[in-house]
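This structure is in structure tokens; I'll ask about it shortly.
By letter and in written order, the chains are A, B, C and D; residue numbering begins at 1 in each of them.
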Amino acid sequence: MECRKATVLISCPDRKGLVAAIANLLYELGANILHADQHLDRGAGMFFQRIQFELPDLADLRTVIGRKCESLGMTFRLVWADQRKRTAILVSKQDHCLWDLLLRHRAGELATDVACVLSNHADAGDVARTFGVPFHHLPVTPETKAAQQQALVERLAEAQVDLVVLARYMQILSGDFLTHVAVPVINIHHSFLPAFVGERPYHRAHERGVKLIGATGHYVTAELDAGPIIEQDVVRTTHADDVDDLVRKGRDLEKVVLARAVRAHLDDRVLVYGNKTVVF
Amino acid sequence: MECRKATVLISCPDRKGLVAAIANLLYELGANILHADQHLDRGAGMFFQRIQFELPDLADLRTVIGRKCESLGMTFRLVWADQRKRTAILVSKQDHCLWDLLLRHRAGELATDVACVLSNHADAGDVARTFGVPFHHLPVTPETKAAQQQALVERLAEAQVDLVVLARYMQILSGDFLTHVAVPVINIHHSFLPAFVGERPYHRAHERGVKLIGATGHYVTAELDAGPIIEQDVVRTTHADDVDDLVRKGRDLEKVVLARAVRAHLDDRVLVYGNKTVVF
Amino acid sequence: MECRKATVLISCPDRKGLVAAIANLLYELGANILHADQHLDRGAGMFFQRIQFELPDLADLRTVIGRKCESLGMTFRLVWADQRKRTAILVSKQDHCLWDLLLRHRAGELATDVACVLSNHADAGDVARTFGVPFHHLPVTPETKAAQQQALVERLAEAQVDLVVLARYMQILSGDFLTHVAVPVINIHHSFLPAFVGERPYHRAHERGVKLIGATGHYVTAELDAGPIIEQDVVRTTHADDVDDLVRKGRDLEKVVLARAVRAHLDDRVLVYGNKTVVF
Amino acid sequence: MECRKATVLISCPDRKGLVAAIANLLYELGANILHADQHLDRGAGMFFQRIQFELPDLADLRTVIGRKCESLGMTFRLVWADQRKRTAILVSKQDHCLWDLLLRHRAGELATDVACVLSNHADAGDVARTFGVPFHHLPVTPETKAAQQQALVERLAEAQVDLVVLARYMQILSGDFLTHVAVPVINIHHSFLPAFVGERPYHRAHERGVKLIGATGHYVTAELDAGPIIEQDVVRTTHADDVDDLVRKGRDLEKVVLARAVRAHLDDRVLVYGNKTVVF
């Protein structure tokens, strides 16, 4: 009998016996626990757990776990390792994150299918074609903003994606977009949020004379650059770096930070609560 | 009924049901799991787990857990949070790590009693007295090496220590020392091991022209600078740094790296296997 | 004939021949250049230079250099290495930066005399006495705020200090303070400015769910936490860190960042222009 | 009259007046100094300087500077910014550094022409073609080792390269190779040298249980992995990382470290002396 791998992510108010309850259930189902992580936020009184396990394919596993979790007041998410997520990448003129994600995907670092690349610039098409990924050019002008966003939503719906990655997509998306797309959207912002929310963060960092610049990978919410942070990193700068140097140094940061955030999401290692993340 | 906190550290060959078995046992004993970490080394086929829990004081907990672990082929260690370890600090002329450890201890960062400070130099006495810690001056000459080491062993036995920290203690200790002391010994080595094993690592780093210098906190074994590594870190250097600059920059590294290693040990977050560590 | 070491810091609008002009002047004076750094801010069109040199003591060096710099439209600062600056350290309840600075001073890392330690808490007195540094306890209540600040100013004037270091001094100082003290004031702020300006930055960092916390050493200006940044650094945090963990991790950062900022200032490696610094 | 940019790199035994002598010469030639860095190695008694300047094109600049430097006992190197170096990239199966260098080149980060890509594997051909760079497949077997190396040397001679980059080229090159190629060769080694010289450094790092892995960009000399280090960096690892994780994390390091080393060389910011580098 063949085994399948799965991951279950659980959150609920903390109380005694939660670990044992889940461990027992999995044991009774014949599952072998491969990895388990947990976190207790004492301030919030919340318990979080991620368990990777393998077991003989049980058609009704979701029902069985669902029943148990319900009886324990738990919220849960169950994902099978062999059901790969479908990802769309949105990009504007700066294509370094796009290249980086596609190269990592080819190297096997990202457990996903890249469903499509969408851009308001035609240039990204060549990159997508290099990797054999469908490309849609959706140009935008101040006048066509709403229509273009509608077209984006339609393309994403057609592509049946589970994740949207904004890999330096420089158009502001309205709250509607999130509602209609209805899957997680990860953005890379080129500053160490919450510093330098909004436009031209490298210029403002240069003006403020900071000695470090950063990048932040976060889930997109209706409020600009204010969503739950998944990953951040920084690089040292000096007075000798002009804005162009910050942009250059920042590219390396953006690539790595976005890739780590996307990888964590694809591996189902991220739990969102309040406006924060647990990254197992 | 009052509750006590405890930590159990487990290692054994991997097999199915281990997590559930322990979670169950603790649940049946009325324990509340506060934190659990586990690690599976697939290459070695070994399973490691650390569980922090609280439970009503059971006089025979050690026996109960011991019986269970034996039946499962597990090696285990059980420690009560309220049984503070006793630590001795050995130091030579350079006293920055000594100051650092004693200040961190006073700030509540290190869950231990500092039993005594031992040194082959008299100077450290002032530091120890500042913190009200017993001090023993055990000078050493090439002729008195063996006798001094014997005196060290006796002092440590009298002080009934659970941990010895070599906070820049620059005398080489013989294999005998470890045998007689019979508690873990943590050393700070001023290089990123395995580079620059042995003497004068900063001089050799300068000569080799490295662009980073490091420090390593590790358990001491009979082989010089070859014991299991607990923590390492590095700092950037340039051609403009002479050996004195490396020594100065290195001091900051040594303090932080040693403190993290000692803290991890005192919090019972370190499991040694082979010549490596799991640091939960 | 004995030689003295000096440093000259120069800034002026950029134009051709500046480097040669100064190099020549020093050569003609019989000076040996030990180290020279320069920076050209193209955006601002400003040239900055720092030259360390040694030369036979010329009583009128300041006049000679001054005349040259005036003729070239340069602003300059001349400091003799053997005229040590006098530093006052202000501290409140948290004393880790105070310990750190005094230990570094004793280890020879900071080229200054510590003139005095001032605190609104009595506790810091023990620390100051350990190092034989004069201590003044200047308690403060909401009612005595103005009077206490006046007393601070008087103590600093009596002590004839060249630098004031706010080593976690938690009282807000009015703009008047800076005017009356009339020497540079360096503060350590426990966030990566400009994020989390103001109070309780670790609490706000925890709430925002950042994955890095930072510390910033900066010159104090009338506007809170908005002065020129000298040094910044960060440390990684995770969802598992509660506010107490951030505070603990932050202490290590604060110590190192403040020490680097103070050291750079004392070594005359910092030039302020606009609201930014050149740190040679 | 148009201006050209140039860089002069100087090294010589230290003595008084060196800075003034060069600054003067450049001033007299009508040059405008854009940036100057210098370093004095007190231990070695050596002085190093790098000056970027712009001046009206003087056909005999090299002669004029050469005469001056000779009279001062200086070794010098003069490079015109508009004479781009020609670079060859050698690669084996792992192509992440190749992609990275070619993408950076396209983004304008590397001031060079990429003359060709050479590989013992055919796969790299597709990468080279994506960027329109000539590719030569030079397969190698244990029997054809010497002949293949000879072919490499010939290709490099034909391509008239100024720099050879080993971007994870996994064949050991003989001392002869360096002699015949007669231009600098930069290698990326996947460890923090001098730790883990030679083969399979990630496997050995895993076995040793280090808590950091590193990468080193260095000039190749006859002795394996022992040449002058240009750049190093590290990334944190834990017990949870198996060898595959180290390889994956290491790829990001290798790319960045190699790119920084190559960029420093191409910008003429590196001076080699003894077995070390000054990187301005």
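One rule holds for everything that comes next: contacts are C-beta pairs under 8 Å (C-beta built on N, C-alpha and C of every residue); 3 or more make two chains touch, one makes a residue touch a chain.
If you're wondering where the values come from, they're calculated on a predicted model, not measured in any experiment.
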Selected pair, out of C-D, A-B or A-D, that shares over half of its residue contact pairs with B-C: A-D
Self-contact between copies chain C and chain D, residue sets same or different by half: same
Furthest chain, CA centroid comparison against chain A: C
Separation of mean Cα positions, chain D and chain C [Å, integer]: 37
Separation of mean Cα positions, chain D and chain B [Å, integer]: 41
Touching two or more other chains - residues of chain C: none
Interface residues, chain B side, partner chain A - complex: 16-21, 23-24, 26-27, 32-38, 40
Interfacial residue positions of chain C with respect to chain B in the complex: 96, 99, 103, 107, 109, 130, 248, 251-252, 256
Interfacial residue positions of chain A with respect to chain C in the complex: 39, 41-43, 192-196, 208-212, 214, 228-234, 238-240, 242, 274-279
